[in-house]
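All chains are identified by letter, namely A, B, C and D, in their written order; residue positions are counted from 1 within each chain.
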Amino acid sequence: MTDETKGLVLAGVGGQGVILAGMIVADAMVRAGHDIKQSEVHGMAQRGGSVFSHIRWGPGVDSPLVPRASAEVLAAFEWAEAIRWVDYVREGGAVVVDLRTIVPPGACDDRRNWTTAYPGIDPELFLDRQLKTRLIDASSTASELGNIRAANSVILGTVAAFCGIDDSHWEAAIESLVPRGTEEINLAAFRAGREVADAQAPAATPSPEGFAGPHQIDINHSWCKDCDICSRVCPEYCLAIDNNGKLGIVDSDACTGCRLCELLCPDFAISIRPPMAEAVTTNG
Amino acid sequence: MSRSEIRIAGAGGQGVVTAGRILAEAAILSGKTATHSQVYGPQSRGGASRSDVVIDTAEIGFPLAYNLDLLIILSDEAYTKYRPELDDDTRMIVDRDCAPDSTPGSATIFPVVATARSVSGGVLATGVVALGVLQQVADFIDADTLRQAVGARVPAKFKAMNLDALEAGMGLVGATT
Amino acid sequence: MAEAQLVQGNEACALGAVAAGCNFYGGYPITPSSGIAEQMVRFLPGADGVFVQMEDEIASLAAVIGASLAGSKAMTATSGPGFSLMQEHIGYAVMAEVPCVIVNVMRGGPSTGMPTSPSQGDMMQARWGTHGDHSAIVLAPSSVGEVYELTVRAFNLAERFRTPVIVVYDEIVGHTRESVVLPDALEITDRVRAEGDPEEFRPKAITPNGVPPQAAFGDGYRFHVTGLAHDERGFPTEDSQVAGALLTRLHSKVDDHEDEIVDVETFMIDDADLAIFAYGIVGRSAREAVMEARASGIKAGLIRPRTVWPFPAEHIARAAEQVDTIIVAEMNLGQMIGEVERAAQGQAEIVGHLRADGEPMTPAHLLALITNVEADRKQP
Amino acid sequence: MTDIKTYLREWAMPHVLCPGCAHGIVLRSFLEAVDQLQLEQDKVAMVAGIGCSSRLAGYADFCTLHGTHGRAPAFATGLKLARPELDVVVVTGDGDGLAIGGNHLIHAARRNIDITVMLLNNSIYGMTGGQAAPTTPQGAVASTTPSGNTEASFDACALLQGAGASFVARVLAANPIEMTKVMADAITHPGFSFIEVVSDCPEYFGRYNKAGGGAEMLVSLTSRDVAVAGPLAAKRFVNHVPSSEPPPGMDTGVLQREVRPIFSGIRGGDTDES
C-alpha cells in the first residue's frame, strides 16, 4: 500500500548527529507499529560533508529511498542541506531547518574583513511550494538546556509534530538510543523542539531598539521602509519583521558582522558597528 | 545712387564664387562697401553656380542683387537660366563657347573659358579671367586693387597662375573688339 | 581702428562669440546654420575652447548646458527643425538658470520646409517654443555687422541674467558676405560668481536683482541642479508658494529689466505719417524704402527692433500716437503683427505685408506698399 | 573607512523610492566605490535623467545635475569636456537610457568620452506608473501591455558593446560587494564605461507579474546570476534552478574592457606655459 507509505529525509553535515537521529526516527516508527525501511549515506561525507538519512514508514514499505516530491518532512540540520533536499518534500509537507549552522563555508571570503559574498539564500523556495516551514535555533535551545549536542533532539521534537505517531514512541526511542546519562537532557530538548513546532511566529520577539551583541546593529527607523530585505538576507537571522510589519532585531548575538543587511538596505537605514570599535574604546 | 550690382554665373568648378568674393574684397580695398552672396543647397551642386556682388560708396541697405547692372555668363545653363530675367539696361558679358546665335547685340562676347584653359590647363581660373574682362569693360574697380585682392584670396601656390589669368582676362578686351 | 573686411554672417556670429569669451560650442549640422559650426571649430582650439559635434540638436543644447554649469561660456547654433528639437532644453536652461546662447538661422518651414530659403517664421517659437511660462530674450540682427555685435550682446545678457538668450536671423543674413569693421574693444559681462562658505551657498537664492550668484561644478560648491520646480537650495519642491515664487522671479528678472534689454532702431519717425515695422533682413529693405519714400515726399518712418523679445511695446505705443498707419512687414504669415496690434492699442491702423514663399522682400516691394498705403491714407 | 553618510544628503532622506526598490542599494554601492577610491567629493559630478533611478542624484552629496528625460549622457558630455578633471557619473534607467535616450547613450559610447554610465534596469517604467520599457521581457505584464508584452527587449550590455563602449559590465543589485568593485573599476577605467545594474521594481513589475516584493525579487536575482569574471564567481553555491539554463543576456561581471583613445573634444594642444 504505497499510498500510505510516508517518508522523512534527514539531512545535515558530518558531526551533527544525523545518523543517530535517523536511528531514533526508525525506532520510534517501529514502536508505533509501522513497517519501516531506512537508508543512509555517510563515510566520505563526515565532518563538514553532507550526510543524509532516508526513512520510509507505513503498513508495508518496499523501497528505502524517498522519491522526489513525496517526503512528509525534511529535517535539515543546516541551510544548504535544506535547499539541497527541499525538492524531496511533497506539496504541503513540512520543512524543519536549523538556523544555527546555515552559513556554509564557501559563502564568505573573510568575515573579519567584511568581505562576505551573499550566498543566494532564497526562503521563497519554501513559500513557493507551500511548505510548512519551521526555522528553529536548535543549538541555542540545546545550549540553554545544558548540552549543545542535544540539538538533534530539538530538531526531532519539531519533526515529530509532522509524523503522526504518539510522542511516547519518540520519547521511548530517545531514551533507548542516546548515550547513557544524557537521557533527561535529550528528552527536555525533544519537548522544547515540540513546542517550537506549534509556534507560528519566530520564537524571539524582535526588539525595535536593538541590544548589545558582538556587533552593534543600529536601525534608523525614520528611514526604514520595512521592506524586509535585510531580514531575508541575514545569514544568521538576526533581524525580523514583527507582527505589526515593523523591522526589529531578533538576535544580535548571532551577528557575524557580515554587513549584508547594511549593504543591501536600499534606505541606508541599517549600520553595523564592529566589535573592534568597542575594544579600542575600552582599552583607550 | 552709386549702387552697382554684378552677377557672375557659370558652372561649378569655374571659380565663380571665389571670383565674386575677390571682386567684393577689391571694392572694400578701394574704400567702398560691398556684399557678396551665392547660391546654397542643391542648386550649388553639379551644374549652376552663381556669385552676386553689390558695390556701393555708401552703406548698403538690401544686400542682395535685384537690379543687375552687369551679368557675366560663363556656361550654357547659366545663359538659359538668367538671360530671361534681364532688364534691357543690364550689360552682359557672355563666354564665346556658350553664346548662341540669338545673343543680343548688347552682349559682349569673349573667349573666357578658352583663355582660362590656355592659362591654367583647366577651368578653375575662369572666374578670375572673367574679373579681368570685367575690370576692363566696366570701371567698378581699378586694376591694381584687383590684382591685390586676387593675391590675397587665392592660395599661395596658385597666386602666380591666377594673376596670369587676371592679366589674360584684361588682355581680351580690346583684342576682340 | 580696425580695417573693413568681407565677412559672412555666420562667420561674424562665430567671431562675435569668441570675442565675447565663448569657449564651448556644441552643435549639429543643419542648413543654413552650419557655417557657424565650421567657423567655431577653426576658432575655438586657439581660444582655449572646446568644440564638439553632437548626435543631434537635443544633445547639442544639453552639452552646452553641461559646459555652462561647469563654468564655460557656451553656445550652439541651428536652424528650423533643429530649433524645434532644442525647445526642451531651452526650457531647462530657463528653469535651471543656465547662461547660454542659441543662434537660430531661420529657414522656411514648417517641418523641413525650404532649407536654403530665408524666413522669419520662428519668431513665436523663439518666444513660446518651450512649454510652460517663461521669459525670453531674443535678438534679431539685420546685417553681418549686427550679427557680430548682437552675438556679443547675447552672451553678455545671458551671463547678466543667468538665462538662455536666442539670436535669430534669416538665411540671407547668415550667408551674405558684407564689408564690416569689427570693433577693437568690447564690453564683456561675466556671470556673478558665488563667494563665501559653501555650506551657506544657495544656488537659487532670492537676491535683490533677481539673479543669484552662480557656482560652477568643481569649484568647491556642491549643489543640485534640476528642471523640477525647486527651492533656494535648488532641490525639488512641491510647495506651491516656493514654486510660485521661483516662476515669478524667473519672469521678473527679465521683465523688470526691459529697459536694459530692449533695443530698437527708429528712423525718421518723429514727423512720420506712416511707419514701417520690420526686423532682421526686412528691416534693411524697409530702411531703403523709407529713404526712397521720403525722397518722393512721403513722410515715412522705420521702427526696427534689434531685441524682439521682450517685445518693445512702449516704442510701438509712442509711434502709434505719432503715425496714422503702421505697416508690419515680415517673412511669415503673421507673427509679430499681433504684438504690434496689441501694443498700438488702436491708436494707429495696422497693415500687414506678410509673405512666406522663401523670396526676400526687396526695397522695391516695400516702396510700392508704402506708396499704396499713403494713397489710401490721403483718400479717407 | 568613512561613514558612508558623509556622501549622502542626510537632510533629504528618507528618499522617495518605494519599499523594496533596490535602487537605494545601487546608490549605496556607488558611494562605497567613491569612498574606496577616495575621490574628492567636490570633484565628483553625478548627472541624471528622468525616472526613479535618476532621482538618486538628489541624495548624493556631490555636484549633481538632474537633467531631462534621456539626455543625461549629453549633459555629461558637455560637462566633462568643459571640466575634464571631474569624475562624471551618469545614473540612468532602462527607459531613460535605452528608449528616449538611446541615441545619446550609444554616441557617448562611440566617442569614448571618459564618463561612467550606471543604467539601473528594473524592466519597467516606475516613475510613470508601470508602463512597458524597452527591457520589459516578452510576455511580461505592464500597464501598457495588459496581455503581456509582445515586443522584443534590449540586451543593454550587448547594445553598448556594439556601440563601442570600452568598458561594459553587468552586476546584480543583490550583489553589493561585486557591484562596488565593478563600479570602482568603471570609474577608474580610462574612457567610456557602462554598467547595467539589474535592479527591481516591486511596486509595478513585481505586482503585475506576481514576482513578489522587493526581498523576493532581489534574492531571486541571484539565481539567475552567472558570473563570467571576478573572484566571487567561484563562490556561488546556491542556484535557484541549477539544472536549467540561465535567461539569455544575464551574464554578469565585466563583459568588455579595452583601452582606446579617449574623446576630449576638438581643442587646442596642451597649454604651452613656456
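We adopt the following convention: a residue touches a chain if its C-beta (ideal position, glycine included) is under 8 Å from a C-beta of that chain, and two chains touch if they have at least 3 such contacts.
Just so it is clear, the model here is predicted, and its values are computed rather than measured.
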Most central chain, Cα average position: D
Far-end chain from subunit A, centres as C-alpha averages: B
Rounded Å distance, subunit A centre to subunit C centre (Cα mean): 74
Between subunit A and subunit D, centroid-to-centroid distance (C-alpha), Å: 37
Mean-CA-position distance for subunit D and subunit C (Å): 39
Arrangement of touching chains [line / ring / star / complete / other]: line
Listing of all chain pairs that touch each other, if any do: A-D, B-C, C-D
Subunit C-facing residues of subunit B, complex: 21, 24-25, 27-28, 32-43, 60-64, 66-67
Of subunit C, residues touching subunit D in the complex: 23-24, 26, 41, 44-52, 54-56, 58-60, 62-72, 74, 88-89, 92, 216-228, 235-236
Residue ranges of subunit D in contact with subunit C within the complex: 12, 41-43, 45, 47, 57-58, 61-68, 71, 73-83, 85-86, 103-104, 107, 264-268, 271
Interface residues, subunit C side, partner subunit B - complex: 4-6, 31-32, 115-116, 143, 171-172, 175-179, 281, 284-285, 287-288, 291, 360, 362-364
Of subunit A, residues touching subunit D in the complex: 80, 83, 104, 106-107, 109, 115-125, 222-223, 225-229, 231-233, 260, 263-269
